[in-house]
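Scroll down for the structure; my scribbles are underneath it.
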Amino acid sequence: MMDRVKAEKQKIFRSNMITFGIVIIAYIVVELMMQTGNISSLFKGLLVPLCTYSILAVSLNLVVGISGELSLGHAGFMCIGAFSSATWSMLMKSSGMPEGMRFFIAIVIGAVTAAFFGFLIGIPVLRLKGDYLAIVTLAFGEIIKNLVNALYFGVDANGPHFSLEDSMHLNMDGGTIIIKGAQGITGTPKNSNFTIGIILLLIVLFVVLNLINSRTGRAVMAIRDNRIAAESVGLNATKFKLLAFTISAAIAGIGGALYAHNLSSLQALPKNFGYNQSIMILVFVVMGGIGNIRGSVIAAVVLTLLPELLRGLSDYRMLIYAVVLIFMMLCTSAPSWIQYRDRIMMSFKLKSTDGKENK
Amino acid sequence: MATLLKVDRLGISFGGLKAVDGFNVEIEKNELYGLIGPNGAGKTTVFNLLTGVYKPTNGQIVLDGDNITGLDCEAISKKGIARTFQNIRLFSQLSVLDNVKVGLHNTNQYSTLDGIFRTPKFRKVEREMDEKALELLKVFELDGYCDYKASNLPYGQQRKLEIARALATSPKLLLLDEPAAGMNPNETEELMNTIRLVRDRFDMTILLIEHDMKLVSGICDRLTVLNFGQVLKQGSTQEVLHDPEVIKAYLGD
Amino acid sequence: MYKKQLVRNDEVAKMMSFISYLLNGLSLGSVYAIIALGYTMVYGIAKMLNFAHGDILMVGGYTAFIAFNSLGLPIPVAILVSMVVCTLLGITIEKIAYKPLRQANSLSVLITAIGVSYLLQNLAQLIFSANPKSFSSFVPLKPVKLAGGQLTISGETIVTIVTCIIIVAGLVTFINKTKAGQAMLAVSEDKGAATLMGVDVNGTISLTFAIGSALAAIGGILLCSAYPTLTPTTGAMPGIKAFVAAVLGGIGSIPGAFVGGIILGVLENLAKAYISSKLSDAIVFSVLIIVLLVKPTGILGKKIMEKV
């Protein structure tokens, strides 16, 4: 039987390699297109966002698919990652630190800060179950957006100054104001590019896929499938849920850092860091298949590209997302729909074998 | 013979209702002990108290000289009590093999980082886990299903998998909650052999809840009868099953 | 003597403005409570969070707007039309999207509900465009001036608070005194047992959605009368906040929805006035998180234990 166990492992390994392969091939193709100039500026502008959304979709899938909890506040973690990393880059802009080094640290800061908040909110929240978790994460995302929009932050010779009122309340003695409330941060260095986005995506995929197929990932999925049974074999449910949530927040923070360094001005709008963004990421996860990491990446890319490429569709973009969401859930979870779906699939299978026999 | 489990005046009340009251039991090492009683007598509640799902309002639980009263599920599992559930609780989306490997979680360890970076330690421990899990599955003739999704197993096999998973935690005491529920006489017969095998092969002490009197009288050394949350009778199997009070409790007045 | 009078006047003015904030809070809280009732009833009976509830409110607002402004119907008729449209919408959504998922896990149902919410918002945007419509108040009452003109209470405030109290009292009576209400209680306790006792579970769930949606229509009209801009996302934030109110009060409990709504509305308005207008949302949501941590079942919620 050991060989069957090994075959199973081979299958997982192959599947992971395909995932990496798809990303790398897509990268090479796009790079070639860029070399030969066969690429529109519209598409070029979408490359980094595509990486960002893919990273976020993988991050949310870790919570929704693997840990089995619904988070509606992932845009909040992205927001934290974006603002913390951009603040660092602004602070170090004129320090003479090599750009690569500065950006690397910015990404780490984005990940660590988001992870810290993920941990902080996770401790109390993960004790709650199901629906409550969804609403608390939603509340958390709104709080973050709200706070960031009210936050003023500057540095002068006396050190850092914070205010939630306005720039006057910073009591600055010269120096520079970095975060200007609703205006956000302007002048972030544009360090993000497609290559870095792809590298980050590959790293995230490596971590998440290996995590899932390890002792820790098994524990997280066991708790998802049956919390009481998992506790009865000695697993600490809260600990593992918290671990998955924190890692997911860190990944969302990386996505945020990538996003922030692709724009020269960063603002916390409902569109980019609000509830709508969290829902959009959720659509990617649902569309790609809950728990299917590769699917998340593909769905993020397809659903971002489609409305952009088919300009006429862009008005209907959110409408299509909504229909997709409902339709996917009914198809995968409603018993009556599943029966119907299987009947159709069966008839297709029968037809195709009929065809073979006729030949 | 040494005592493995000593439960003293264990009780719990839910909002004033005493679900279990003054429950005593002493189980010897390597014993097959039965807990029987009419529906709603509080048998599963006793299991939930022993495994830490509920915290007792009073009384004491001593396992192998260790006072484990009031510990949570995770800690009690580590102290050496494993269980199965009346309504099967498997990790339904995981493979049969992985179900058992989750049971091995605390005995075969490597860190999360080992897992992410696929270190030599990860490979070594994973291989050990695979071997151990397969060995356990073989005992229950489940090794042929190792790559099945747990939810796709037939009912009887699911019950066995639950036992295999519980044994993977290397317990001192195994609690089985109605292992024969929903089985036909043939399957029950087979199950009795399996339970005996588990006891002999793993040198296990087993406490089981069961309604099937054939199974109870066939394999249990001693019995406790629970009625309305209290111990009605305790003693050797034959003695208890022929007690008029017990018969009355089962058949009603 | 004159100076003392001035200080007193100042204090009176402060007091009056506090009362005015409080009343506005009560009014907003009443709207939250009316919406929260829909959330809480549906949760109690169908055990699902109907995320689209806030958007039904928006549909109610648009329907009333069209009926009154475009079709020129009288106010009571416009209200009735809006309630009927929302009721039908609520029942349809339940039948098409939620009913097939009754046996599915809560994650699937929640995601579907989010999908429905989005669908309604975007359909409204296609039909009415994102440009706000200015909603003319449905409350013909003149503002009441008290304390020598120092305190003005708008007609909307009075009507909203009174409506909310009538609705809560009516619902409690309905559930305790009528057969349909008792059926609702039975279904919320145990669907299986209710079926065995001859309760029409599907009908009861439909009725719950119908009542909740009709209430959402009233909530929408009251909300738009007090805050007269109507957009496709009008329902989103009040919807989420009403949901917070339902959770705060203890989801599944009708008095809980009332208490939660009032607390939330008052808190939001006082926070806006005395702490920071920019941070009022953050404060409201922080309160939710704190309450859930201290008492996960909310203020008036019941503890549910999972059977092992």
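Quick notes on this structure:
Which chain is which? They are A, B and C, in the order written, and residues in each are numbered from 1.
As a convention for this text, a contact is a pair of C-beta atoms (placed from the backbone, for glycine too) under 8 Å apart; a residue touches a chain by one contact, two chains touch by 3 or more.
This is a predicted model, so every value here is computed, not measured.
Taking the mean of all protein C-alpha atoms as the reference point, the chain centroid lying nearest to it belongs to A. For chain B, the chain whose average C-alpha position is most distant is C.
Between the Cα centres of chain A and chain B there is a gap of 41 Å.
A separation of 32 Å divides the Cα centre of chain A from that of chain C.
Between chain B and chain C the centroid-to-centroid distance comes to 48 Å (mean Cα coordinates, whole Å). Looking at chain C, one finds that residues 308 touch two or more other chains.
Each of the following residues of chain A touches two or more other chains: 228.
Multi-chain contact residues, meaning those touching two or more other chains, occur in chain B at positions 53, 85. Remark: chain A residues 1-2, 4-5, 7-8, 206-207, 210-211, 213-219, 221-222, 224-226, 228-236, 243, 291 touch chain B in the complex. Within the complex, the chain B residues that touch chain A are 51, 53, 72-74, 77-78, 82-83, 85, 89-95, 97-99, 101-103, 105-106, 108-110, 112, 114-118, 122, 125-126, 129-131, 134, 137-138, 143-144, 146-147, 165-166, 168-169.
The touching residues of chain A, when paired with chain C in their complex, are 64, 68, 70, 72, 121, 124-125, 127-128, 130-132, 134-136, 138-140, 142-143, 146-147, 149-150, 164-165, 228, 275, 279, 282, 286, 290, 315-316, 318-319, 321-326, 329-330, 332-337.
Looking at the complex, you find that chain C touches chain A at residues 49, 97, 100-101, 103-112, 114-119, 121-123, 125-126, 236, 240, 243-244, 247, 276, 278-279, 281-282, 285-286, 288-289, 292-293, 296, 306, 308.
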